[in-house]
Structures are given as structure tokens and as C-alpha cells.
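Here subunit A shows up in two complexes: once beside subunit B, once beside subunit C.
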Partner chain A sequence: MDISKDILLEIYDRMVTTRFFSERINEFFIKGIMHGTTHLSVGEEASGVASCMALDKGDYTTSTHRGHSHAIGRGMEVIKIMAELFGKVTGCSKGKGGSMHLADFDKGHLGSNGVVGGGFAIATGAALTQKMKDTGKIVLCFFGDGASNEGSFHESLNMASVWKLPVIFFCENNLYGVSTPVSKSMNIKDVAVRAKSYGIPSYIIDGNDAVEVYKTTREAAKYCRSGQGPVIIEAKTYRYLGHSKSDECEYRCAEEVNRWKKKDPIIIFKNYLIENNIANQIEIKRIEDKALKEIDLAVEFAKNSPNPPLNALTEDVYA
Partner chain B sequence: MKEMTYSEAIRLAMTEEMRKDENIFIIGEDIGIYGGTFGVTKGMIDEFGEERIKDAPISEAAIVGAAAGAAVTGMRPIVELPFLDFITIGMDALVNQAAKMRYMFGGNEKVPMVVRLPGGSGTGAAAQHSQNLEAWFCHVPGLKVVAPSTPNDAKGLLKSSIRDDNPVVFIESKLLYNTTGMVEEDPEFTIPLGKADIKLEGSDISLITYGRMLKKALIVAKELAKENIYIEVIDLRTLAPLDKDTIIQSVKKTGRAIIVHEAVKTGGFGGEIVATIAESDAFDFLKAPIIRIAGVDIPIPHNKELEKAAVPSEKDIKAGIYRLLNK
Partner chain C sequence: MKFEDYNPLEEKVFKIMDKKGKIINTDDMPNFTNDQLLYLYRTMLLSRTMDEKQLSYQRQGRMLTYAPNIGQEATQIGSAYALEKEDWIVPSFRELGAWLIHGVPLKNIFLYWYGNEWGSHMPEDVKVLPVSVPISTQLQHATGIGMANNIKKENNVVLTYTGDGGTSGGEFHEALNFAGVFKAPTIFVIQNNQYAISVPRIEQTASKTLAQKAIAYGIPGIQVDGNDIFAMYVATKEAADRARRGEGPTLIEAITYRLAAHTTSDDPTKYREDAEVEEWKTRDPILRFKTYLENKGILTKEWDEKMKKEVENEITSTFEEIEGKADTKIEEIFMYHYETMPPILEEQLKEYKDFLEGGKNNDK
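== the complex of A and B ==
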């Protein structure tokens, strides 16, 4: 499978945008200038972004509490995401959702979710629509390793498999659910093993390799589109920062973090682009500069945007 | 008495009870090394080990259900969920199983378990992490519902909840965790469930509240005392069983009642208190209609200003009181 230069560079662009975005948000929380909480994807940019980039226009995504990479991966406007985290009326959810509630229905992004496991059944239902209306579109459902221990995971996979619904259940396995390692929350090493009990195919991939993530997702999407039912992809990855704001990470050792930092998804992908003569240092630098500038502008935009008016308080409860 | 935070008082209550009774254990997500979402169980794993400070998979249906199963077979589990909102996933276990086992099986079972739930808004975590759903639990016979507002009450009531042979939903207000107060150190000190506490005596108005709104109510009451308006502040502490006597006696004395809670107004527990007064002989003593000051009927928004506006402020409480007095 050849991937066009345009797509590869767009993946790189959205990955570094996610990285810079997350680092900036982390700063804001450390300085205490941001209200609420956040879950950052630093270290997980390849799995979150390259998978979204493998979708076609009109396909859908459901995301998790750790959803900035998915929002950016789906091409949501960074200014609107930033403004949302600042709680401003110009945000994608008019300032009412915050970090865990980013959505863009026009782009097929059905939203991140504050409830772990909240996306499984939503994705299943969205896939049911595609099947009933014969749209040829599919749904990509992100979830964490920890989320696969929710009952909704098992109920949704069973339903999607027996009805042969076009949904990719995409696990970003970062080895922990908050402080709890996979080894203490399930009796298996790989979440993908669970596919067996639903009679569906699964892949286990290096989630820090953007090319592998992209190719596998394309292949799985093709399978789903052909009407054969759901697929699990398990992407092994790692988060560098704490679970959310104020996490001392006492449950894991610095050595483990450093080991993963040596497999940084952005550096791996950058090297791939250069070694394969897809982009040179200057082009790479240009993408990075552009991404940084975009974040700066987004921060400016968000800071200068107004709060929602007080009468917005009771708006939008009902349609 | 010793000064400590609400959070420390809860930890102390569990620690004291666990030292006495080895059937007690805590089950929840990330309550071990991590110390729980709000740090309440921090350090407890050092004393009690992994077996009794049990980190569970992210499986609320099984966590609450397993607690019920353990409870009917000789253990006394304490469940901690990261946020009250996620009890929705454990609701079958709580409502259809735990709450009904005793009655359904002809009174032959006991279900001694506590479900600790951090509730309320104010942290900016938005709609799925900020709810006050106490009215739901109160609507289920078989459940007891406790909502302490001070560190001392938290300690005394949690100890009684742990010793109780029924499922108890223990609602902790997350904005109270870091507030401090004087707490009884005697390990035998408890506060009985089902007894309200008059936090401030007064003659003009009965203000009935619980949880995080108590603080605001007391501030308002002290301010209004300067205007010679004397408010009696009743902290319910336990919502089920409800201490109707204390409410009724107070309203008979003052002739005016105002109810303040953080939860949304429609279908909120305030309605139950209004009905309790209206159905009692306190009704004949009323000099004005009863007023509820409660949360706006909306999901909690992320934006700080909106989030604040979604719950009663001191100003709202004061305005309600003036309305009650026709001022």
C-alpha cells in the first residue's frame, strides 16, 4: 500500500500539532490558568492521528476522555478546540463541554467522552445507521485498555459482531488505566485477544509507528466496508505525562518512561519521512513552524474570545 | 478534638473501622498507590495491603455488584467510585439487587455495604463529572442515603454507615474534601443515621439544607442576623431515613421554610421536604409559601462563570429569604 506524500505530510502536521497543543495545555494547567481537567496524549500521537487520517470523508469517530489527538486527527479546527478548553463561546461546544467534550458532527466526529466506555455503544449505533442506510461509511471507535473492562465493551462487540456492523474498535493500549497496569486489571496481555470471543478479526500493532497505524486502519476499514463486520485494532503505545492534571506517576518508574521516549512516535515518523526522501529537513521544519504558529494563534484567539453569555446557561438543554 | 480536613476525617473513619473489623475492605478504581481520584484513601494501602484496599478494573457494574455479593456472605465492603456520576453504570447492582435483597428474600438477608460517591460541581469537569443525584437514591426503598457537610459529621456518619447492616449511599461533596474542622478522635464516637443537626438556632425562618450548601447557608444566616433576621439552619446529614421531626418542629417554631440544595430543582430532594412540611401539622403554622433554592435545571457546563451560575449562590439564598419575608 502506497501512501501519498500529501497524506504522509498531513499526518505529520496533525501529529506535531497534537504534540504542541498538548504541551501548551499542560503548561496552562501547571500555571493554574485553566479551569477543569484534561487528559493529554503526549506520546500517543501516531495511534490517535494516523488512524483518523485513514478514514474517508463521511466516516465517523467516537473518542475518549483522552481525545485531543482524535479531534485534531479528524481535522477539527484547532482554534475551536483551544477556545473550548478555555470555556469560551467560540469553542466547538460553545464553552459548555471543555477538554472531555469535543465534537464536530459535520466532520463525523461524534465526540470525546467523559465516561470510560461511553463510546462503544454509540459507535455501534452509528455503525447500525450506516448499515441500515447502506452508506458505505464506517465508524472508528477509540478506547483505552482500561475501558475494555467495562460491560459496555463486551455488549457492544457482541452486538456489532452478530449484526456485522462496520465499526473498527481501536484500542490505544498505553499500558495503564490511571495508575492500574494492564497486568492488574485483566488476565490477558493483549486486549485484542478479546476479539476471539466475538469471532471477529484483530490486529496488534506498534501504535508509535504512524505508517503501520495508517496502513492497518485502511485495511480494517476496507474489511468493514465490505460488510463483513467489526474489527479490533490494538495499538501499543504510552503516555508520557500523568493520567490527568496533578498525577505524580508513583505507580510507574522513570526508567519505563524513558524507554518509551526512545520510541517517540514523532521522531520515528520524522526519520521515516527523511530516510525515504518523502520530505527534507526544511519541509519538516516548515510543518513544525506552521503548527507552532497555529497553536500560538489559537491561544490568542481563545484568550480574546468572550465567555458564553449568562443567558446561554439554559439554552440547548432540549432541541 | 483535632483539626482535620473532610477528606482526612473520612480516611480516619475507614481506618478505625478497618482496624476493628477485618471483614471490612475497600473496593474501587485506583484507590491503592494512587490514593483514589481525590486522594481520600492515600496511604491506606500501606497499613491494610492490596487485599483490603482493592484496586478493581474499570467495571462499575461488577464493583457495586461484587460488593453486594460479598456483603451477603459475611464481608462489609466499602465501594469508592471516582465520581458519583458513574454510579449509573452500577445502578442495577445498587437498585435492583442490593437495595431489594433483604425485603425480596423475606428479611432473611443483610447487605452491609457502603457506596462512597464524590458528587457535585465546581471543578470545571462538566456535565458527566458534576452531578448531584441523591434524589434518585432516596426514591429507592432499601437504600440509606447520607450526605455530610462537615469533617466531624463525615467521620461520625461514615462510621455508622459502615456499621449499618443495609446498603448506604454515602455522598461526599468534592469541594468539601479540603475544608477543615474539629473532629472527635475517640474511635467509639459515631453519629447516628437519620438524625438532622441544627447548625444554628433561630426564630424567624427554618433553612433546611445538606452537603456543600451548608457553608453558604451559615454565611447568609450570620449576615442576616445583623439585620435582626434570625435563621435556624438545619443540616439534614441523612436524607434517608429523613429526620422529619426536626424539620417539623422547627417550622412550627418559625412559620417559614426555605430549602437549599445544589442538585437541580425539578425532581430534587427539596420537593420531598416541602411535601413533608405540607403534610404535617406544621402546615398550619406557615406564614408564607415554602421556597426552594436549588440548582438550575441543566447539565453542568464547563465554563467557570456558567458553572457557578448553575448552583445557588449566597445572593440567591438571601434573595429567597427576603422573598419569604416579603422584603
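== the complex of A and C ==
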């Protein structure tokens, strides 16, 4: 499978945008400029972005609490995401949702979700719609290793497989659910093994390799689109920062973190682009500068946007 | 027997006795005395007769809704017989045979189905939890009791049941996952009776077997002929031995069939063919066990007749003991959730009583 230069560079663009965005958000939280909480995916950009890039226009995604890479990966405007995190009316959820309510229905992004395992049933329902309306579109459902232990995982995978619904269940296995390592939350090594419970295919991939993520997702999407039912993809990856803003990471050692940093998804992908003569240093730099600029502008935009009015509090709860 | 020899992905099913009552796997045949064999047979008869009686009482308007076990006696009795007295049974709602084996008095069973809360009040030494109507929620209780057993360093095991339909509940996943991680000494028996009300097994899940769901939790899972009392006993015993050795949980899929309706409010002719039912009748677990006992000269016609009378009398006299005397008091619906009734339930009780007395507070 050949991937066009345009797509490869767009993947790089969205990956670095996610990285810079996350680092900026982290800074804002540390300085007390931004409030509430947030879960950053620094270190997980390849799995989050390259998978989204492998989807077609009109396909759907459901995300998790750690959803910035997915929102950016689906092409949501950074200004709207930034404004949402600042709680401003110009945000994608009118400033009332924050980091765990990043959605853009026009882009097929059904949203990040504060409930661990909350996306499974939404994705399955969306896939049922695609099947019943025969749209030819598919759904990609992101979830964490921890979420795979939730009852909603089981109920959704069971239903999706028995009804042959077009969903890619995409696990970003970053080896921890908050402080709990996978080995203490399940008696198996790989989440993907669970596919056997539902008689469906699965893939285990290097989640830090954007090319592998993209190709595998394309292949899985083709399978789903052909009406054969759901697939599990398990992407092994790692988060560099704490689980959320208040996490000192006392449950893991520096050696482990450093080992993963040597496999940084952005550096791996940058080297791939250069070694394969897809982009040179100058082009790479241009993409990175553009991403930084976009974030600066988004911060400006968000800061200058108004807060939601008090009476907005009760709006948008029910249709 | 070894669980490893029965990989569900290869669709291997553990069996000892075929449908004609012939022993086809002598290596694994358990060593029962004649008394044990006759006791098992008698319990099967008791269970079957109890079902038939309850169904007819219900039709006569003397009993409430009832869920019969007809056809599933070997699954329930064979598995429960592998337990020790101190072990726990955590039932779903279709485990009559297991209750009888584990010492639940007939009276409790009648009271339960009569709608009386005292039916769930087991004698102190009978380690059986009450019926769990919300499908698959009991599995988590079973894992929890297993985990408690480990913490308390006791050596008991927990035997719990669910239906084929129950395997689709989120609680199934969470319970088996925790049991796997914490090595709970819990045995999960799926009574795969081919239907969840009207939903056939094939529409329940896409996996070829239910036993293979064990793979998701890193625990052994096997398919067993659920109409073969010996196979059910041996598989459960092996699972119990493993659990006692600290090796954790096991998933057993018992392949069986519900010969009667789902409950007294169900009409199975709406969703399944008579021919299918007839075919399964040839695999009747009691019939095959009886043939085995007769061929061995253990069971005579006279004994059989005598036992049938005996169990029938036992059932009739127990029912007569409670009939008309065991109506539930209104209070009892509210009383046993907490040790003492909290104000919110007291309020509800009062409101309900007022309602029954002519709706005093009704217009507010």
C-alpha cells in the first residue's frame, strides 16, 4: 500500500499540532491559566492521528477522555478546541464541555467522553445506523486498555459482532489505566486477544509507528466496509506525561519512560519522511512552524472570546 | 481429565456417557457407589417432578410465575454435586437441581416461587445465595465471594451459574475479568440451553462457542455435554480442585436444552420447531442416566416406582404446608434490604399502605 505524500505530510502536520497543542495545554494547567482537568496524549500521537487519517470523509469516530489527538486527527479546527478548553463560547461545545467534550458532527467526530468505556455503545449505535441506512460509512471507536475491562466493551463488541456492524475498535494501549498497569487489570497480555470472544479478527501493532497505524487502519476499514463486521486493532503506545493534570507518576520508573521516549512517534515518523525522501528538513520545519503559529493564533482567539452567559447553563442539555 | 485437552476453539466437547447411557470415556468415569448413583437419580426425579407439579399448580392458579428446569437436570445436579458443604452456590434463577443438591429445603423453594421473602432465607449451613433475577449480576457476587475467600485464606470454592443469554451482559465480562486477575476460586457454569427466551444461541453472540470467551480472561474454558451427569460432575470437580489449589477460576459451558417453556408466561412454539424439541428429547439427561443404571442392574423397576411416589409425596405435602398460609405481608417487600428500614423506605411503605387502604394520599 502506497501512501501519498500529501497524506503523509498531513499526518505529520496533525501529529506535531497535537504535540505542540498538548504541551501548551500542560503549561497552561501548571500555571493555573486553564482550569478543570485534562488528559494529554503526548507520546501517543501516531496511534491517535494516523488512524483518523486512514478514514474516509463521512466516517465516524468516537473518542475517549484522552482525545486531543483524535479531535485534531479528524481535522477539527484548533481554534475551536482551544476555545473549548478555555471554556469560551467560541469552543466546539460552546465552552460548556471542556477537554472531554470535543465533538464536531460535520467532521464525523462524535466526541471525546468523560466516561471510561462511554464510547463503545455510541460507536456501535452509529455503526448500526450506517448498516441500516446502507451508507457505506464506518465507525472507529477509540478506547484505552483500562476501558477494555468495562462491561460496555463486552456488550458493544458482542452486539457489533453478532450483527456484523462496521466498527473498528481501536485500542490505544498505553500500558496503564491511571496507575494500574495492564498486568493488574487483566489476566492476559494483549487486549486484542479478546477478539476471540466475539469471533472477529484483530491486529496488534506498534502504535508509535504512524505508517503501520495508517496501513493497518486502512486494511481494517476495508474489511468493515465490505460488511464482514467489526475488527479490533490494538496499538501499543505510551503516555509521557501523567494520567491527568494531577499525577506524579509514582507508579512507574524513569527508566521505563526513557525507554519509550527513545521510540518517540514523531521522531520515528520524521526520520521516515526524510529517509524516504518524502520531505526534507526545510519542509519539516515549515510544517512545525505552521503548527506552532496555528496554536498561537488559537490561544489569542480563545483568550479574546467571551465566556458563556449564565443562562447558557441549562441550554443544550436536552434536544 | 485435563482442561487443556478440550480446547473450545477446536470444538472439543467433554463427554463420558452417550445419549444411550453407554460409557464412552472410561478413563474419566467417576467412581460412585450405588448409593451415590441412586441419590443422584432420585434428586433428578425430585427436580423433574417438582417442575411438573409447579407448572400444574401455576395453571390451576395456585402458584405464581415459574421457570422450569426440565432437560437441564444433569447440568445442575452434576455440577453442584462436585462441591463440598462449605462451598458457595451463587445461582441465577434456573438452578433447582443445584439447590436441591446443596441442601436448600423444598419448603424454601416453594416459598420463593410463592412470592414469599422467607424463601430466600436459607438455613445457616446452606451456602446458597438467593435467586438473582437481573441477568448476570450474580456473577459479580460470585467473584466477590471468591476474592473474599482468598483474603480470608479459606479454602472454599464458589459455583455460579448463568444462561447463554447471560454471557452477553457486561457483568459477565467484569466478573470473569476480575476473577482472572485476582485468581478467585470461582467456577462459572454457563447453562447453554440454546435460548434466551426467544433468542436462539446463534443470534446471541458471534463466537462459535461460549467456552472460548474464557480466553479473554486468561482462564480455562471448556464445553461439556450438559446432559451427561458424569461429565458435568467430573469437569466441575476438576475446576473445584484447581480453584482449591489456588489456580483460579474456570468457565464451563454446559451444552443442554430447555425442554419446557422459558417461564409460565412463554409460548415456545412461537419461536422454535417441534422437531427440534423432539430431537433433544432423545438426549434427555434423566432418561440416559436411568438407562445406564438399569443396564448396570443398579436401578430396578420397583425402586424407580417407589422413588417416584416418594418424591411426589414429598412435594405435595410440602406445598400443602405453605399453600394459603404464606402470603407475603406488605412490610416484607420493604424490610429486608437493610438491617433496619431507613426513613425513605418507611415513607414508601406508609404511602403504599395508604394507597391500599383507599388512596388517602393519592391526590397529591
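Just so we're on the same page, the second predicted complex is superposed on the first by the 319 of 319 C-alpha atoms of A that agree within 3 Å, B and C clash if a C-alpha of one lies under 4 Å from a C-alpha of the other, contacts with A are read in each partner's own complex, and residues count from 1 in each chain.
By definition in this document, a residue touches a chain if its C-beta (ideal position, glycine included) is under 8 Å from a C-beta of that chain, and two chains touch if they have at least 3 such contacts.
These figures come from a predicted structure and were not determined experimentally.
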| Which partner does A:G48 contact after superposing on A: first (subunit B), second (subunit C), both, neither? | neither
| Which partner does A:G67 reach: the first (subunit B), the second (subunit C), both, or neither? | neither
| said: Just checking: does A:S185 make contact with subunit B only, subunit C only, both, or neither of them? Give me first, second, both or neither. | reply: both
| said: According to the stated criteria, A:P265 is in contact with first (subunit B), second (subunit C), both, or neither; which is it? | reply: neither
| First, second, both or neither for A:E250, with subunit B first and subunit C second | first
| query | Thinking of the overlay built on chain A, is A:G207 touched by subunit B (first), by subunit C (second), by both, or by neither? | reply | neither
| request: Classify the contacts of A:H154 with the two partner chains as first (subunit B alone), second (subunit C alone), both, or neither. | output: second
| Dominant toucher of subunit A (residue count), subunit B or subunit C | B
| message | With both complexes overlaid on chain A, does A:G177 touch subunit B (first), subunit C (second), both or neither? | response | first
| Set of subunit A residues, in rising order, touched by both subunit B and subunit C | 149-152, 184-186
| remark: In the complex, the residues of subunit A that touch subunit C are 149-155, 158-159, 161-162, 164, 184-188, 193-194, 196-200, 229
| Along subunit C, where are the residues that touch subunit A in the complex? | 9, 168-174, 177, 180-181, 203-208, 212-213, 215-219, 248
| Touching subunit A in the complex: which residues of subunit B? | 29-30, 32-34, 55-62, 85-86, 89, 123-129, 296-299, 301-307, 309-310
| query | Which residues of subunit A touch subunit B in the complex? | reply | 35-37, 84, 87-88, 93, 95-101, 113-118, 146-147, 149-152, 177-180, 184-186, 247, 250-251, 307-308, 310, 312-314, 317
